[in-house]
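Both complexes below contain subunit A, partnered by subunit B and then by subunit C.
Entry: the complex of A and B
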């Protein structure tokens, strides 16, 4: 007999939006099940640049998005402080940019309620010594950086504290429809293949770029266009604040300092299949060349890793153009009862990370209205776990933790300062997780060595602690090498190639990983 | 500035041979040249790669199937890889070079033969072929299988005896054989540690801490005729540590190499440096080459960076042994150009523009991996048309084209043989 659970609300998709919906609905008293086909935050959410928008980037082109971002930025700073580093942001006019754009930009920011203050260029260059000395104007905005994995898991933990069930690695294989309404789904575990039935009074499709596929399971049509964005992590924090070019948004015009690295982004190109996105070597070169326009010598710095994410762009009418930058970054709550006569089923389409909480609020408002539940949204005031003290994350936090640790808790990952105890606690918190899940949970293997030194250590520890049996340990290690390779193979030059060779020397040479028994 | 004026402000020195690079190839060449009576200076940007290597001498481990007898596998291997350094080394050259090497590093007691690859236990519990091994790993040939006790230390972060033993039970060294392995863990000696192998190796050099480890070891012994331990049995005083642990165990103990920094690699590096010094050679580390002066098709002087000013070394021969991409002896630009940065030598075997440099499978043999220097019969780099770049410039080691040492498990064999033979070519010319 297939295992069955009953719930008020089934949320499909464990990105920021889905986790936000789960948190919001659970805090209003609904019983919630959140399911994702993989680990949480592994789709678009886990593959963005980490920028918490102030709204300034959208001020000229999309004032509504700008206003939403400005408001959500303030709210998230209050409720998710532990996930945020308050780097501040800058918009700079480089010699290549039209200086007149800046005036329109300031006016648009003012209109949208985004605080943009002009800062003397000399002052900016003192704070950001890598920045192009030829910049003509600079504006400070309240951009910040936000850790997507931490945020999503904080939402999930908050939801769980309100009684929600969080089910990663559960793929929806079927939506159940009774009469003219959706009444649940059959989920299949990605690893065990075991199926369970979730009977739900309501289903929210928060599958982002994959929302069209999920909607089709109920016979509905959602025209989501996947817009590919390429990002490259550089091996240093080249800037202290988020730096944007003060120009119409284009490719490679944002540089985001994230922990010990900085991420340059991004591109925008339509892709057919969100599961098949890869950054090409040409795109990487173009991105690095774009970096030169505001950081002279950018191409000489070591590129650490490249990846591509897919924006879930929603078009009321299906666009055919390859250009997706002009599609709105806004979001839409689609009530399938009104549109196609399929009840108890909502798709939340489009949107962006910064506004995930607002998207969740609007979605759950609609769900509650439909279910006749009268409950106010609480997520604008309820702090997320670990953010209760409202202290922002800061760059030295892990070092401070490391210094406070007992000496007999050795570091497993020296790049990201992850200790043995950190690893074992994270593994015990989520049984059945693999090295890639741990990477997201702890940033294990995300530093300069990209796992060359720490992965074998981590595997041994997890085996010893009983989390991975022998064969699973070997497979996990191989999978991890393959996963890392995807992100570095387009960067085979300079010091990064030298690092790749050292890792090959260790993993293939000394440890002969290739010939380990299955 | 006028070059001669700049020269005037420099320190000057003279040598018969300047060897660039302090890895295996560079040190081997330098020792051999010093033993041959030449005045040798090794100049190196850093400490070389020996501390990264497990201290074993790989000759040919995979071709691409596991090689049991490198001596026999060599001929078909070079027939399939005519650009490989071994094609020029030849079986006789390899034999002579390895015999010389064993004698040169006699205090480390290397054992093994070119006719037999040993199967050594890795720190993950797999088996890895290698040819010559130091004394402390001599008992670790598992090619016939048999029971093994795998002993680790609590908190040693690079070695998990449980995983090693579990994997070891699953390997098949040869058809019909297997390894029965059991894991045991000893207490970290002394006050709690940082988990680093080097810290542990130093602790084991302390007699009283070692005694405690010995007592602990006795309690975990079983019927297994040999014991594998992580390669942490002492740094400088390894002999004393290793022998005493064997006495305690009453059976052979073999070391298992760990990820870098490698203690057996350190021991070998220290010994090679001592041998070089004893033979009259000099080693300058932290002295990257900044330029060379040519005259009449020869390199006449090598300039190295030094504090407070550059040093110019007049020389009769130069051996370039700066390593491959990993060692910094080759550099790759974003557009795929491969450069030899020290002397600007022509690089061969570079993938054509527009073709992939690396493949999507991390375990594959990547087109870029075989790029390097091509040399003539006297180990002198040649350009694309096969002409010698400089009459007195020789090259050895991982900078050579046509090989993938980490995949073939051929690194030390290539470095020792080419370093030895490049030195032989110079000695022959010197008379």
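Entry: the complex of A and C
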């Protein structure tokens, strides 16, 4: 007999959008189940560029998005401070950029309500010693960086505090339709293969680039186009603020200081299958070359890792009045009842990380209207867990923690300063975690050595603490290392190649990773 | 003037070359003896990724780096670990402020100037335990730390009435503060040795190189000092002349640290830096060119020689060993240890004295086991530390050379703090 769960709302997809919907709906009093086929934030959300937009990037091209970003930026700073680093942002005119763009840019920012102030170039160069000394103008904007994993988990925890059930590693394999409405789904556990049914009064499809596939399970046709974007993480912070080129948005024109690294991106290329995206060596070279235009010597710096994410771009095939679609808005709430006659089913498509809360608000407004629930959205005023004190995180936080740590709690991951205690506490909090989940939770193995030093330690500790039996420990280590190395292949030269060689000597030569017992 | 952008980013960016191989951590003499210092890789390339290029950093542990520079020297990948740490230390100090003690230790000229007129009293006070205990409480200078005695008559005074020989071969002498106020005989012997080899020695007026300011984290005054010094060492009419330093640490400051740690980019300094030679580096070069006089009388002594960190940091080998090897009768035992612990003013500080002594312990033990007549070491603060810790007369190697040339008994003028 298949296990069955009943709920008001099933949310499919645990990215920023789905987690936001779960938080919003749960805080309005709905009973919510949130399911993702993997861990939370392992889709596009876990692979994005890290930027909490001020709106400035869209000011010229897409004023409506700019206005939304500006508003959401302010709200998230208040409710999700713990997930945000207030790096500030800069728009700089490099010698290669059209100087006239800057004037239009300032005017557009003003119109969209984005605070942009011109800063003397000498001041900017003092604060950003790596920046091209030939820049002609610079503008400060309230860009910031935001931690995707922290944010999504904070939303999930807030939802859980309002009674929601959070189900990672549960893939929706079937949608159940009764009459002219969706009434639930069959979920299959990614590891055990065990299936459960969730009967729901309403289903929201927040599967991002996979939303088309999920909609098809209910016979609906949503044309979500996957747009691949490539990003390269550089070994350390080359800039302290988010640096954007002050020009029409293009490829590789933003450098984002994300915690200990700086990430250059990105690109936009249509791909057929969002599950098969890979960055090529050519794309890496193109990104590094793009960096050269605002950070002289960029290509000489150590590139750490490359990855790609897929934008969920919504291309409407048959727009109807029930759709709130507006190309310039970037996101769309699709009510399938009006569109295809499939009730109690909404797809939320497109958008940005920065606007996830707004997207969730609009989605849950529609759900509530449909269910006849009268409840106001509360997420603009309800601080997320750990953000109550409204302190932004800062780059030195882990270093400060490490300073205060007792000597008998040694570092496991030296690059990201994760201690043994950190690891064991995180593992105990969510039993059944794999190494990659711990990586996201702790940033374990995400630094320069990409797991070369820490993963064997971590696996051993988890085994010792009873979280992984011998076979599982060996397999986990192997899988993890393989996945990390995949992200280095395309940039294995110079320092990073030397790192890989050392890692290989340790893991293959000393530990004989390839021949561990099964 | 702002520090050079490129010099600063180049050293900081060298962290990219770190592959965590941990060679520096195994070589670090401080991390080996205290858990207060987590190690050069940890506070250097690793922690640097958590520091903003502006503003302070939270890592007080970097303050336990002694700055000996062993880490940079052993790094097989070219990470400027010690330099990264020196800057981080300065930022940490920027956050906590600099104590009165550190202000004093950072200004040896001031101590020298204050102490000189009352030298007998000052030196007597240094030996009085109750006064040292009081100084430890009030100032934080450890009661047992090796402090130099000031002399009544400075080096500059002593050479002021000298009549320099005329010679077409001229050099400039960079004597530093220590020679002027604490060990004038080192300067006098340097001048005598150079003159014996046919050089006319210019001794321009000069101030502090700024090294103690730098290691205390007072970067701005340090930059001013070293710029001023570069001007002093290149007075009109001395273009292109070799500049000879008898202090290895001050020499290192001019040669490398001013640019690499302080980020000073200054044409005058660069010129001076290129022309600066450690005394024995210069003498060994003379010997290779067949120009060093070897009219030595035998020196029948057993000497334990220790090449200090700052000299190794110059990357010039061990020229004192090469030159002293020419002296008949002299038996030299080379001490192969990485640090004596003092690292400038590090080991003077109350909270670091025990660490410094533990760092130096293997060296002191080696010396005790070797039972030499004398210890020789090129750096003044190391001499004071070793002399104090071993109770043996500890001299600059040039004192042995001076004696080989027929000068006075080494160690007689130079009993130093260690001798008593």
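Note that the second predicted complex is superposed on the first by the 505 of 518 C-alpha atoms of A that agree within 3 Å, B and C clash if a C-alpha of one lies under 4 Å from a C-alpha of the other, contacts with A are read in each partner's own complex, and residues count from 1 in each chain.
Assume contacts are C-beta pairs under 8 Å (C-beta built on N, C-alpha and C of every residue); 3 or more make two chains touch, one makes a residue touch a chain.
Given the structure is predicted, the values throughout are model-derived calculations rather than measurements.
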Query: Counting only touches as set out at the top, which of subunit B and subunit C does A:456 meet: first, second, both, neither?
result: first
- request: Classify the contacts of A:407 with the two partner chains as first (subunit B alone), second (subunit C alone), both, or neither.
  value: both
- request: Please work out whether A:299 is in contact with subunit B alone, subunit C alone, both, or neither, and reply first, second, both or neither.
  value: first
- prompt: Which of the two, subunit B or subunit C, is in touch with more residues of subunit A?
  reply: B
Field: First, second, both or neither for A:447, with subunit B first and subunit C second
entry: second
Query: Should A:502 be classified as contacting the first partner (subunit B), the second (subunit C), both, or neither?
result: both
Message: Applying the document's definition of touch, where does A:512 land relative to subunit B and subunit C: first, second, both, or neither?
response: first
Message: According to the stated criteria, A:398 is in contact with first (subunit B), second (subunit C), both, or neither; which is it?
response: second
- request: Quick one: classify A:127 as touching subunit B (first), subunit C (second), both or neither.
  value: second
- prompt: Which subunit A residues come up in both lists, the one for subunit B and the one for subunit C?
  reply: 407, 411, 453, 498, 502
- line: Note: in the complex, subunit C contacts subunit A through residues 2, 5, 8-9, 13, 15-21, 35, 41-42, 46-54, 57-61, 77
Task: Write out the stretch or stretches of subunit A touching subunit C in their complex.
output: 125-130, 133, 235-237, 240, 260-261, 301-302, 395-396, 398-400, 402-403, 407, 411, 414-415, 417, 447-449, 452-453, 495, 498-499, 502
Statement: subunit B partner, complex, touching residues on subunit A are 285, 288, 299, 406-408, 410-412, 420, 453, 456-457, 459-461, 463-464, 469-470, 473-474, 477, 481-482, 484-486, 489, 492-494, 497-498, 501-502, 504-506, 508-518
Subunit A partner contacts - residues on subunit B that touch it in the complex: 52-54, 62, 66, 122-128, 155, 157-160, 162-163, 166-167, 170-172, 188, 191-196, 257-260, 262, 324-326, 328, 331-334, 336, 357-363, 366, 368, 405-407, 409, 411
